[in-house]
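The following pair of complexes shares a single chain, subunit A, combined with subunit B in the former and subunit C in the latter.
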Partner chain A sequence: MKLQCTDLVKAYGTLHAVDHIDLTLEQGKIYGLIGRNGAGKTTLLSLLTAQNPATAGEVSLDGEPVWENREALAHLCFSRELNISPETGLGNLKVKEYLRIASIYYPHWDDAMAKELVELFRLPVKKKLQKLSKGMLSMVTIIVALASKADFTFLDEPVAGLDVVARDQFYKLLLEEYSATGRTFVISTHIIEEAADVLEEVIILRDGKLLMTENVQDLLDSARYVSGKTEEVDAAVRGLEVHHAESMGRSKGVTVLLKPGQAVEESRDVTVQPLSLQKIFVALCGEEERA
Partner chain B sequence: MKEQLTESKSIYLQISEMIETDILRGILLEEEQVPSTNELARLYTINPATAGKGVNLLVEEGILYKKRGIGMFVAAGAREAILKKRRKSFEETHLAPLLREAESLGITREELIAMIREK
Partner chain C sequence: MRGRNLRFWRRYALELLGIGLGAAFFCLVVSAMGAKPEALPGVLMCTPYYLSMGCAFGLILCCFSIHISYLPLILAMGSTRREAFWGFLLCRLAVVAAAAVVSLLVWLLLPGDVARDGLTLLPLLALLMLLSSHLGSLMGLLYQKWKGLGICILAVLCGAAGAGASVTVMTSSRGTALLSQWMGPLGTWIAVGTVLWLLLGAADLLLTRNTLRRREVKL
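Moving on, here comes the complex of A and B:
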């Protein structure tokens, strides 16, 4: 099974929240969706799951358009961050009522799993959503995502507000479910470092555009931080793809992404270090140094 | 397989080195089954594909072998092969940085040799 979008656009007036994106999601992978605030992550996820009409372009599952297609939608789950502001009316629902609605909405719902997770997270099911903490609301969205059993499951900021132990617990649950079923998960997060090892592929958005989709291990293998005296660094990285140069006095540091067969010039007196996914992301999406 | 992962090196390389170290230390014996990629993934909270990449490196080197439908096993002669490989890379991974640091500190070869003798 394959979920694909071609030339996808979502415009709000003149703002292109999603700006001509082509993307293919394959079955049996864990994807990470990362981007700065306002990069278009949530909009993209809502378009991919047909919760929001696209301005242009199309989303298809195995070639069939997803929009208003009940059969295709049965394979998709978008567990979005719960908005309990008064306008949505969601806040007055009790946890168990919300889970009951989800159980009706998702045709492959696993009620036993939902109950097990409610107990594991010690969620107060009789409380109204508006009485829950941010972390508890995240737990509700995680339960909906996992128990939906949808082949393509999208989680928007699932770890927001969770403490470090609960975040670790979530990633372990995710890996367990993934190993057991081979479902595809797409997870957006700002806590990149913790997610990095769990992801197989990373999708990076910048200003509504797709900057890259790449295998995480390949990306890490290709990235180097090169630092030293400015002239030496410049000579060592000549001809390479350089990002995010930073200078201080006579010293300079740059991030390079090596293509197959490329290497940093070894004869130069520079320090070459590996980079974490988070640092690569900052190098690609951070502001360039002011001149 | 009780070491902690660090950020300074590829996760899959660390996985393959940990398995090697366990074989060297006799924690994993030859012809014994090694943890599955799903077990490694759960233990270290890493993607199973990454764990698999680490395991496959050792399969390519003949240190592990696959029994269809059962899992991965330590090959006969694996310990000897790892020792040989690590001895071969010892100069590059340990000696070269030592000599570089000694040189920038102005420690002569004679002083260095004397230090090693005293140990």
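Moving on, here comes the complex of A and C:
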């Protein structure tokens, strides 16, 4: 099963929140969707799950359009970040009512799992959503995502507001579910370092454009931070794909992405270090401010 | 999904009908409290009026909140827009039909002057409920577009509905007679109601369908 979008665009006037994105999501992978605030992550997830209409382009599941297609939608779950405000009126719903509605709409809903998770997170099901803390609202979205048993499950900032213990619990649960079912998860997050261990593929968005879709391990293997004297660094990275150069006096540091077969030659005046996923992300998406 | 969609809206229609029945029960209790024992059957015969008022009031509020809360929620959970539109419409029709059937049964089981007048007024009561549902829905649409204005209109409508209900309760069994006297020829009112229903209904359904088509889910 494949979820695919081609030339996907979402425009608000002159602003392109999603700008001509082509993307294929395969079954049985955990994807991380990362990007700065306003990069278009939530909009992209909304388009992929037919929650927002696209300005142009198409989203399809195994070749069938997802928009207004109940068979295709039955395979998708986008558990949104809940922002309870008086405007939505959703705050008056009790947790159990919210979960009940989810149980009606998701065709493969696992009620036993939902109950188990409610107990694990000690979620007060009789409370109204507006009475819950940010962390508890995140727990509700996690429960819906996991218990939906949808083949393609999208989570938008699932760990926002969760404490360290709950975050750890979430990643364990996610991995257990992934191992047991082979479902596809797409997780949009800002806490990259924590998520890096569970992600198989990373999708990086910048200003609504797809910057990169890459296997996490391949990306980590290819990224290097080269630092040392400016002239030495320049010589060492000549011909390589350079991102995010920083100068400090006569010293310089650059991030490079190596292609297969490429390498940075270490010398006495040049240090080459591997980079974490977060550092790579900063190098790829934070360069305008630094330049 | 069709079955699940029906499950959701069936449950919602039952809850809505529950609101109407609850309101009718409340009004009955209030009316019965000051009534003499021999007047109780008369009070009981007024149940359909209370039920219609309760359902009309519930329909205004619920159709409003469906636009604000439930439609985005079920779209977020994988309902298609087409299903949401039809589900919403059928839910309202089911509530009105159920309230009309209950009223019919009450008046058929408790014959008398009130029941005879009530049966004549039944189409008008059904129209009132249908109009309320469209008004509530239009308020919800207005609220989405211009928040404050929507709320103001809703407050005025709720006030009017509340006042109407109060008058009905206070006049108790005399309500029918007063209503008939005040309203004059029934046919004219049914015609006016039908025209209003067609206009409001068309506006509501058209706007709801178009809004749903391009609606962006925000929770």
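Convention: the second predicted complex is superposed on the first by the 283 of 291 C-alpha atoms of A that agree within 3 Å, B and C clash if a C-alpha of one lies under 4 Å from a C-alpha of the other, contacts with A are read in each partner's own complex, and residues count from 1 in each chain.
In this section, a residue touches a chain if its C-beta (ideal position, glycine included) is under 8 Å from a C-beta of that chain, and two chains touch if they have at least 3 such contacts.
This structure is a prediction, so every number in the text was calculated from the model and none was measured.
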{"item": "When subunit B and subunit C are modelled together on subunit A, clash or fit", "value": "fit"}
{"item": "Partner chain in contact with A:K172 - subunit B first, subunit C second, else both or neither", "value": "first"}
{"item": "Which of subunit B and subunit C A:Y106 touches, first, second, both or neither", "value": "second"}
{"item": "Subunit B versus subunit C as contact partner of A:E266, first or second or both or neither", "value": "neither"}
{"item": "Contacts of A:E200 with subunit B and subunit C, given as first, second, both or neither", "value": "first"}
{"item": "Which of subunit B and subunit C A:S276 touches, first, second, both or neither", "value": "first"}
{"item": "A:G89 touches, of subunit B and subunit C: first, second, both or neither?", "value": "second"}
{"item": "Which partner reaches more residues of subunit A (counting touched residues only), subunit B or subunit C", "value": "C"}
{"item": "Minimal inter-chain CA distance - subunit C and subunit B, angstrom", "value": "28"}
{"item": "In the complex, subunit C residues that touch subunit A", "value": "1-2, 4, 7-8, 11, 65, 68-69, 72-83, 147, 213-214, 216-219"}
{"item": "Partner subunit C, residues of subunit A touching it in the complex", "value": "46, 49, 51-53, 68-71, 73-74, 76-78, 80-83, 87-90, 92-93, 98, 101-102, 104-107"}
{"item": "Interface residues, subunit B side, partner subunit A - complex", "value": "5, 7-12, 38, 41-42, 44-50, 53"}
{"item": "Touching residues on subunit A, where the partner in the complex is subunit B", "value": "29-30, 168, 171-172, 175-176, 178-179, 197-200, 216-217, 220-221, 273-274, 276"}
